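Two complexes come next, and they have one chain in common, chain A, joined by chain B in the first and chain C in the second.
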Partner chain A sequence: MSMLNKRKVYDITMQSLTYLSSIVSIVVLLAIVFFVFQKGYRLISWDLITHNYQSVTYTADLKEDQESGTFISTKTFDDGSFYSTKWGIAIKDDENLIGGTSVFITYVHPDSPLNALNNKGVGIEDLSVDVDYQIIRVAFDGASSALAIHGAEHMIEVWDSQDSFRELEFSTTGGGIRGSIITTLYLIVLTLIFALPIGVGAAIYLTEYAKNNRFTRFLRQMIETLTGIPSIIYGLMGLAVFVPLTIRLTDATGANIISGALTLTVILLPVIIRTTEESLKVVPDDYRYASLALGASQTQTTFKVVLPNATAGILTATLLAIGRIIGESAALVFAIGTAVKDDIRLTEKSTSLAVHIWSMMTDEPANIELSSTIALIILAIVLVLNISIKLLSKRMLRKQGVKK
Partner chain B sequence: MQHVEIPVIKQHKEKRIKDRFVKIILLSFTLLSSSFIFIVAGTILVKGVTPFITNNNGLGSVSFIPFLTGDTWLIGESFHSNLYSIGFIIASTLMIALLSLVVSFPIGVLTALFIAKVAPKKLANILRTVIELLASIPSIIYGLFGAGIILNLVYNFSAAIGYQSKGGNSMLASILVLAIMTIPTITSISEVAIRSVDKNLEEGSLALGASKTQTHFKVVLFAAKSGIFTSAILGIGRALGEATAVSLVAGGRRSGYSFDLLDTTSTLTTIMLEGMKETIGLDYDIRFSVGIVLIVVIILTNIILNFVKRKVGNVNVK
Partner chain C sequence: MNDSIVFNVKNLNLFYGEKQALKNIEIPIYKNQITALIGPSGCGKSTFLRALNRMNDLIDECHLDGKINYYDQDIYDQTMDVIGLRTHVGMVFQKPNPFPMSIFDNIAYGPRCQGIKDKQKLKEIVDEALKQAALYDEVKDRLKESALSLSGGQQQRLCIARTIAMKPDVILMDEPTSALDPVATLKIEDLVVELKKNYTIIIVTHNMQQAARIADKTAFFLMGELIEYGDTSTLFSTPQYKKTEDYITGRFG
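Let's look at the complex of A and B:
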């Protein structure tokens, strides 16, 4: 009796251990999703995706043909917004990114003279103000300057009392991730252009053409070995090989998007080759024999009969590759740099979304909010990719099942 | 008859030439793909050896033995030194990887057992999806989670036991982040191993009067140990090679051997990421030397674990 009891205790303890472990996995996933969502959802907006990351400060004055007038607005403003009928602009005090208060534009009348400003500094000549821009200072000829530290109400009061102003200092909205999104898209397109033909081609060779001999096994082994290398090592390789290569071939002067894409290509080749090979292997040999028996050449058989039957597999490989490109960070830190950019050129440094997070988290102070927002976007994309891959492979299995 | 055959032969010949051409192109793609491993290894090796055999623009060559055993990492260009040594970093890297495995291995294997044998089908499917999702989360997000949540936990914990940690940046935080990251790897591979255990073994055990739980732990896990061991090897590989996530919670230790769980630390990967701004001279080349050490550490760990695996795997389960 006591032995049975002992056994029962053992059973229950061990079983509850397996339960506990499984709960840990679920809790971790939920905690990550919850954390990223809770920290990041507030910043999710269309503006985030379309805006620049760096905010730029301009000093501007009115163009010569512009002057103040009467701009009646039918819009109702929320509490704290002050509207100037003379200039057609509404501003309010609000908290800025570093926790202080600044004067933000909440509305600009479509006919307002402030839509056509003249840049007094360097850079583009024509400027205009827009919602969410910060106004730092308005300087007048006949009155003392209105500064942001005195608040929006004071600024509007002074501004309304004047018929002209000498200069207006304002800064555009920052904190957007347009640049990193564009870089990520560039990386996806470029990497796929490099990696898909090579990877699919190599997979075709290995399954359709190569004889099963020592040399083929050696080639396979070498490709397989690539998967075990940590991505930071690929980053070093990209820095030492692809960055100098692109500097020589293009007008790049340092790490750039092309060198990043080439590095990612090397990382992705084994994944693409393996996935494509698997999908080629399940195409029934009968198809090949039938095609060859009808007089088609091996090339025709491969590209017109076998390959079309493996499209689902190649698509899966593509989706896996996209997921990996979006998530990759360590290799890209070396291969395209860590400078967050707004003006994206293929031959210059910039950051993908994942590296953008790393860049912000290693800065002082770390920007956890925006990082989490980007993480939320990445998580959503990864989830969609995962579901698509699952559906694809289900379809593939069903197709095979029907054929058998 | 003759004028019919000739075009057929001609066409056939054309096809063969085309076949050959396509084959050569495809072969060149394959050769290119398999040559990258040599390009990677070659560049890391050549670049990584440079600091030891040149005088590094007047800084003097780095000496090899102190590099491997010393306890100070001085950034060369700013300190005008060639005093790079990573002994303390190798030690902390190994310690972090092993301890993270100590945390993730039991959790991962038991989760795998639960999915494969204990859970009802529906729950098993849900859990399998959870593991797949965890595996597909990019490492930088684990790092962000570590910096946002785990650092706080570690900070509060160390404050509670009267220890002033540097904002929670510590070995413990690195271990926890890596453990979380390696659980899905261990679980998914162990699960496959557990599921492929011969049903007869299980039934035999049950028939001898063992309970289900006893069978799971004493027969199934034992029979699947080769696959389970493989999962551990892959898990530790991932832990050793992970860079960005750890760099957000390690704290960046520059000198001194430290095995204190709550003190800041560095790993081979985080030291490579540190101060990426300078990309010329010794500071740049030395990263490749660290890269060589990282690869050697990974290969050695693999060899040792594979050796152990062969030792334990040779016990005849039947």
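Let's look at the complex of A and C:
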């Protein structure tokens, strides 16, 4: 009787422990997501994603073939905007990022002459104004300048009374993370192009061709060990090997996206090799035998039968790889740098989303809000990729007739 | 008469590492006949079958000595084209193992591997193979469907069709009905008898009634040795050896 009771108590205790651990892990995960969401959701907007990071101030005047006219807008401006029919532009007073008041563009008529401006300073020649840009100053020949500090209403009044202006000073919107998103996408594509063929190839060699001997076992052991190496060490390697290599082969002058992708490739190879190997191993030997017995060569068997049946696993490997690419920061600090950029070139420094968070947090004071927003965006990207790859592999399995 | 011998096996010894799986096998296999290999589990009959198209090569530790002549060619000769051999000597396995692709692609797989790309020709080969495997009427409207949607018996006949599509000379069958129900089994048996007009068939079976029903010649294996080989009717009615008699009367095995 007591024996039975003892066992019962033991059973219940052990069961409760498993319940408890699963609850703890779920709570921790939810807490993280909640924290990120609660901190970051306020800043999330389409503008953040599409805008440049650096705000640039330009001084411009009209191109020679442009002049004022009458631009009737069908839009009604009831949000405090003032519209100039002569110039086809609506502006309003609003709070800027540092808490002061600025004049913001809320609408630009498609035919407005302000769509074709001449840069009077250095840099690109052709400029145009766009919604959310700030107007700092408009200078005229026949009137005193309209300044932002005098408000939008005054600015429109003066502007409307003039047929031309000498110069317009405006600044583009900043604070966006478009550059970092593009860098991240470049990194994903490039790294997968490098890493998938090599990784899958190595996995095929190890499972299909290599004899199970000392050398193969040693190789596997090495690969397994490589998965455990901290990524900052790979980053050092990227700096020591890939950065000089890319400088030699391309017009890069320092750390760049290609060297970053190569570094990530090295980081990902062990992951891809192992996952692919696992998925190749579960392809039934029956298929291999059937193929060989039909007079197919080993290579035909591997590429026509075994590999297609491992696609789901290889997609999983890809997914893990993408997750790692998006999440990697330590290695990339060395391999592509931490410069937040808007004009993304493969052979120049820039920063991925994760490194962007890192640089936001090393700012003084740390920008937790923007970091959390970027984190949210990363979460969303991972989620979307995850779901789409799941759907893809499901579709493939259905095509093969495997019910799952 | 010598011409009608397809496989001539002389003094064959086969080892898995240290363990000897086949001992001094001597057996001629005759053309356009069904030869059944019977014996208890682990007696070496499947091993022997796989030696005939060198599928044993895939097992790391396996090595053999002796001679297996396919017509007048030693198939274990250094210069032997193993892939070529397997196109002549096809194989059907115990468990139906169609590839997870369409019915058409399954059958076209072998010919495609040989470099046949012409769609019209592939279509002819597939139709012909399906007809010979008595599967055509059941699947002719669903060739694009996955082979895994077929029933077990249909899948096995598809595997036979897949082998036939290679236009082989010999078909090796390793217990092709052991995973099937009695009705599907009968269908396969009928098919095998039908196929012997065009092919030489060697079939491993656990089912002695099956051997008695369809085979022309029967070979009884025990512990890696070939105990008795002869006409099926003789072997089952008047076995020469006590061991054979004990086995076929069900006293062991």
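The rule is short, and it goes like this: the second predicted complex is superposed on the first by the 349 of 404 C-alpha atoms of A that agree within 3 Å, B and C clash if a C-alpha of one lies under 4 Å from a C-alpha of the other, contacts with A are read in each partner's own complex, and residues count from 1 in each chain.
To be clear about the criterion, a residue touches a chain if its C-beta (ideal position, glycine included) is under 8 Å from a C-beta of that chain, and two chains touch if they have at least 3 such contacts.
If you're wondering where the values come from, they're calculated on a predicted model, not measured in any experiment.
Of the two partner chains placed around the shared chain by superposition, neither chain B nor chain C is touched by A:131. Of the two partner chains placed around the shared chain by superposition, chain B is the only one that A:226 touches, whereas chain C remains out of contact. In the superposed model, A:289 lies in contact with chain C only, and not with chain B.
Number of chain A residues touched is higher for B, counting chain B against chain C. By the touch criterion defined above, A:297 reaches both chain B and chain C. In the superposition on chain A, A:323 contacts chain B only, with no contact to chain C. By the document's definition of touching, neither partner reaches A:391: not chain B, not chain C. By the document's definition of touching, of the two partners only chain B reaches A:240; chain C does not.
The intersection of chain A residues touching chain B with those touching chain C, taken from the two complexes, comprises 297, 300. By the touch criterion given at the top, residues 53, 55, 58, 60, 83-84, 86-87, 90-91, 93, 95, 97-101, 109-110, 113-114, 145-149, 159, 162-163, 166 of chain C touch chain A in their complex.
Against chain B, the residues of chain A that register as touching in their complex are 7, 10-11, 14-15, 17-22, 24-26, 28-29, 31-32, 35-36, 39, 197-199, 201-202, 204-206, 209-210, 218-220, 222-223, 225-226, 228-234, 236-237, 239-241, 254, 266, 269-270, 273, 297-300, 302, 323, 326-330, 333-334, 337-338, 354-355, 357-358, 361-362, 366, 368, 371-372, 375, 378-379, 382-383, 385-386.
Across the interface of their complex, chain C is touched by residues 211-212, 284, 286-297, 300, 304-305, 308-309, 399-402 of chain A. Those residues of chain B that touch chain A in the shared complex are 15-16, 18-19, 22-23, 25-27, 29-40, 43-44, 47, 106-111, 113-115, 118-119, 127, 130-134, 136-145, 147-149, 180, 183-184, 187, 211-214, 216-217, 237, 240-244, 247-248, 269, 272-273, 276, 279, 287-288, 291, 294-295, 298.
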